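Listed next: structures, encoded as structure tokens.
Two complexes come next, and they have one chain in common, chain A, joined by chain B in the first and chain C in the second.
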Partner chain A sequence: MNKILNKILVLLILLGGFFILDAREISVSKNGIVKTIKQALQLAENGDVIIIHEGYYAEGNIIVDKSVTLKGVNFPIIDGKGSGEVFTINSDFTSLYGLTIKNAGVSFIAENAAIRLNEVTGCKIIGNRFYNNFFSVYLSKSSNSIIKDNFIKSSGQRETNSGNGIHLWYCKDISIENNYIFGHRDGIYLEFVENAEIKKNYSKNNLRYGLHFMFSDRCVYTSNKFENNGAGVAVMYSKNVEMISNLFYNNWGPASFGILLKDITDSKIEHNRFVKNTSAIYIEGCNRISIKKNNFENNGWAIKLMANSSDNIFRENNFISNSFDLSTNSRSNFNTFEGNYWSEYSGYDLNKDGVGDVPHHPVRLFSIIVEQQQASLILLNSLFIKTLDIAESVIPSLTPEMLIDTKPMMKVLK
Partner chain B sequence: MKNLFSVIIITCIVFFAGCSNSPNPIVFGEDNCDNCKMTITDSKYGAELITSKGKIYKYDSIECLADVIKKNKFGKEDISSLWVVDFNNPGNFISAENAHYLKNDKFHSPMGLNVLAVESDADISKIYNLHGGEILKWELVKNYSDMPASKKSSSQNCCPEDE
Partner chain C sequence: MNVTLKIIKYEFSNILRSKWLIIYTLFFLAVSYSLFTFGGDSGKALVSLMNVIVIIIPLISIIFGTMYLYNSREFVETILCQPISRKALFIGVYLGTVIPLSLSFAAGVLIPFFLSGNYDEINTFLLLMVTGIFLTIIFTAAAFVIGLKNDDKVKGLGFAIFVWLLLAIVYDGIVLFVIYIFQDYPVENAVLALSILNPVDLGRILFLLNFDISALMGYTGALFQKFFSGNAGILVSSASLCIWSALLILWGLKSFDGKDF
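The block that comes next holds the complex of A and B.
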């Protein structure tokens, strides 16, 4: 009996010791005992917390290969001085909080980042600030990690020498939440990623895309804001993507899109707002996408639908004051339009059920002319074009006859 | 008379330059890929196809050009020449048929096939000796179907603790 008690006691002491070790803190400050982060990392063991006090630290490439937590007090500045990478994380369950990381170096071959997660799992990057890094957060073959509440800013002038804000390559189960990303090449970039959740981020003034998806299945992005990016958002070669409650605002330019969809299948685009984009949605080679309850306001083109897309459903959307609601390069139609509100609709509702009595042809004849002769856009508001459009809507001869909304709504849908 | 003569000469030069069968520089950050529609940004990659009528199509990567060829979007007789960007001289073109290719995941090309091109045998062995990979000829690159299919070929080496 005594023996067992003893054993339990020993075990408790050991456990206690373990917990004490677990909570060990190492303090780094310019006038303390430990002066550099590298020194602290040498002293540290798995589970330790390294507190970095306010100050300026330029230590070159800091490699983390222990599961530690790095916590900044008053945002200490860690400067990469424009050469190489700043933090390279090679250990699972590493966390970084409250740091300011600057100047990860631009390079021809290496994709240098302020923080790189290298084949790890269970990491957290929360509440940090990033300035002028080539890449800011770079996840390579990592999983189950969180990137949250970061402020990421770069002043990349040219796309060729500027990297991405948050870059994921071969990753799984990653959550990207509430980050602000400005001035990178692509704000958020995903390549070969599965199950990422991208929520409440604000991506603005990036040189190319606010968000860029490639070969990334089963990802969700909700409640993000994409504003004034070089070419909007691109979602390409992916399946089962959900895009819900985002705002796409002012993505304007000769080749800019709210969303560029290419080879996307079985996905949802719902409850989004598209305001002042050159083309709100460009759809090429996409199948079985549900486009529902979105608002398209003041865009050049609300939807550009290419002929190689089919079985897409457009339902209960509001099309308000767009120059063109819909344009397509085909005379046939394999997509469904139903119960949308079109501000261009000029029909009537005699039985007062809120649904227009005559179907609506959303494709204007003029949009087909523009598709073939860009320069004719100069005639956009001419009387001649208006007359042509009206004639065409009565007797369709060039526009797709079957592309109609059979139940156009009389009032804006809430 | 002298003026007229110089006008004729200039016209001739412009005319013949216009007809030449050489690639047109890509404006990085502005031109769009004719296959994947992306803005072309990485000056180490990129490709062009010139049709027999002289029309130039631009691509953001070698794999996008290969994709177009593989899917027979142009007839054989419609293609006049194919060009790829020299990895060692960003923005400059070399003939696709004579270029030397290296496939290595260290070099992230825009569409994920991770193939680069250089001009000479010596160039390719230099990069190969440093980084390894797989040396390819155009015929093989062409047959690497990319785009959605490239995912299948490379997803085997996805995340470490996969499936």
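The block that comes next holds the complex of A and C.
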């Protein structure tokens, strides 16, 4: 009996100790006992919470190698002072909330970041503010982490001396949600990433791409906004990508794209809106992509389809007031166009079933001329060109004869 | 000067009675009203309106101008019996045609623009007005030259339509031809020069570049944009329009002066 009681007592004491350990909080403030974050990290054990109170902390590179939670109260400012990295996180299950992190140093040798996650798992970066960092959030070889509700702003002037907003390299199962990213080189950059979910982010005014990914299979992009980025969004060499309900707006410039697709296979691009982009979608070397229920409005080119793409399906999209709906560099066609609405369509619908009775040729003769001779674009909107287009649409001789929408819709699809 | 004013006044009241002018005004009213009201965003409406303007204004100006000159031949002959200088008479008749045409165009687009209540694109709209008026000036002058050079009405009218076809359609074909022939060379500057030479093209392009279409053209577009949006571009384009107007008016005046009625 006594023995059993003893055992229970020991167990209780051990458990109690564990609970006490778990709940430990360390407060950092300018006029408290612990004055610096580094000091707090030295005192901390795994699982501790470090509360950083309002104030200005410039401590150089802060290395986190314990699984702690760093919480800011009223957004304390952690300043990298323009040299080196700010937070380097080497331990799993580390979280950062509510911090303002500034001035991670620009370097041509190291990729300095405001927060770098180095080969870790289960980390959270939530609700922080980033200003003028070279890279803001940098994940390398990490997994199962969340980057959410952050405000990321930089004022890079040139691509060469500015870094990416959120940068992932060799990562797995990452969720990037509801972040605002302005003025970096690439807003979100992914390389060798698998199973990432990128949701509800707003990427604007970045120097190069709003979103840029390469070799990143099985990633999902939903409800993001990409606005006025130097060259829009570029996605390359990936499989099984889903891009759904995103908005691509005003990516306008001589070398800008809504989305640039290069060697993408078995993917879905659905329910997106493309408004005022120079080229809404540029497709090169892509196979088996389903492009469905998207809206293309007021773009220069809605779709530029290169001849090395095949088995792509364009269905139920709206093409409204684009200078060119479709341009291609081949006379043959290996893709399917069906049931789209084209505002250029001039056919009729005798049996009133909502489907035009005459197939639509979306490639204008002029778009082929422009493809060959850029300078001829100066003739856009001229009566001569319109006459040519009409003649060509009656008897196609230069445009791809087989590239037709057999079931053009009469009304805009909802 | 006084005489010129009197002639302008007469011509003005005469031309205002013409039903063609009313139809012309109503046409612009209808087109711009429907574009501004149903066209969605006003930028797009202005582009469409400009497309109509660069085709219709030259056509109407040149045909109306030629017809009007033929119809007022008896009036001109009568007036010439009086001690009035030919110069004053010509300028009177010419301005008496240009001003009502320009006014009816201006009224036709201005009223719907103000009714639409959307003044975001006021600069582009002004550009459109100026281009339209310049096109009226140039093509009416061309009409007078044609009318004075050909005594045969049918021949003159045919020639007027031919000139319009040439500048509004065939010219662009020639430009395209030039681009293709010289595709191995940097043709941008040559194309630029060609387009400045034709007032119809100039109007169209000035407008296109204002709407950022240049981004579609990559390098070429950047070049055009740089030219047309810079001071030099505006100077050269307005100079081109002015020179066209001046040359044609002077040519008409000379023909009128030396003509044996």
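Note that the second predicted complex is superposed on the first by the 411 of 414 C-alpha atoms of A that agree within 3 Å, B and C clash if a C-alpha of one lies under 4 Å from a C-alpha of the other, contacts with A are read in each partner's own complex, and residues count from 1 in each chain.
To be clear about the criterion, a contact is a pair of C-beta atoms (placed from the backbone, for glycine too) under 8 Å apart; a residue touches a chain by one contact, two chains touch by 3 or more.
No experiment lies behind these values; they were computed from the predicted model shown.
Asker: Are chain B and chain C a fit on chain A, or do they clash, once the structures share the same frame?
Answerer: fit
Asker: Name the contact category of A:I152: first (chain B only), second (chain C only), both, or neither.
Answerer: So A:I152 meets neither chain B nor chain C here.
Asker: Between chain B (first) and chain C (second), which does A:W301 come into contact with in this model arrangement: first, second, both, or neither?
Answerer: A:W301 contacts chain C only, not chain B.
Asker: Considering only the touch criterion stated at the top, classify A:F192 as touching first (chain B), second (chain C), both, or neither.
Answerer: first
Asker: After superposition on the shared chain, which partner residues are touched by A:L41: those of chain B (first), chain C (second), both, or neither?
Answerer: So A:L41 meets neither chain B nor chain C here.
Asker: Looking at A:A255 after the superposition, I want to know if it touches chain B, chain C, both of them or none. Which is it: first, second, both, neither?
Answerer: Touch partners of A:A255: chain B and chain C.
Asker: Is A:L379 in contact with chain B, with chain C, with both, or with neither (first, second, both, neither)?
Answerer: A:L379: touches chain C, not chain B.
Asker: From the CA centre of chain A, what is the angle out to the CA centres of chain B and chain C, nearest 10°?
Answerer: After fitting both complexes on chain A, the angle is 80 degrees.
Asker: On the A-aligned overlay, A:Y170 touches which partner chain: chain B = first, chain C = second, or both, or neither?
Answerer: Touch status of A:Y170: first partner only.
Asker: Is it chain B or chain C that touches the larger share of residues in chain A?
Answerer: Touched residues of chain A are more numerous for B.
Asker: Go through the superposed model and pick first if A:V241 touches only chain B, second if only chain C, both, or neither.
Answerer: neither
Asker: Would you give the minimum C-alpha distance from chain B to chain C, in Å, for the three-chain superposition?
Answerer: So the smallest C-alpha gap separating chain B from chain C comes to 11 Å.
Asker: Can you pull the chain A residues that chain B and chain C both touch?
Answerer: Residues 255 of chain A touch both chain B and chain C.
Asker: Any idea which chain C residues touch chain A in the complex?
Answerer: 44, 47, 51, 55, 168-173, 175-176, 179-180, 183, 187-188, 191, 195, 201, 204-205, 208, 212-222, 224
Asker: Given the complex with chain B, which residues does chain A contribute to the contact?
Answerer: Those residues of chain A that touch chain B are 108-109, 111, 119, 121, 141-143, 158-160, 169-172, 185, 191-192, 194, 207-209, 214-215, 230-231, 234, 236-237, 255, 260, 262-263, 282, 284.
Asker: Show me the residue ranges of chain B that touch chain A in the complex, using the header's touch definition.
Answerer: 28-30, 32, 36-39, 41-44, 90, 106-108, 111-112, 147-148, 150-151, 154-155, 157-162
Asker: Show which residues of chain A lie in contact with chain C when the two form their complex.
Answerer: Those residues of chain A that touch chain C are 252-256, 278, 298, 300-301, 321, 323, 369, 372-385, 387.
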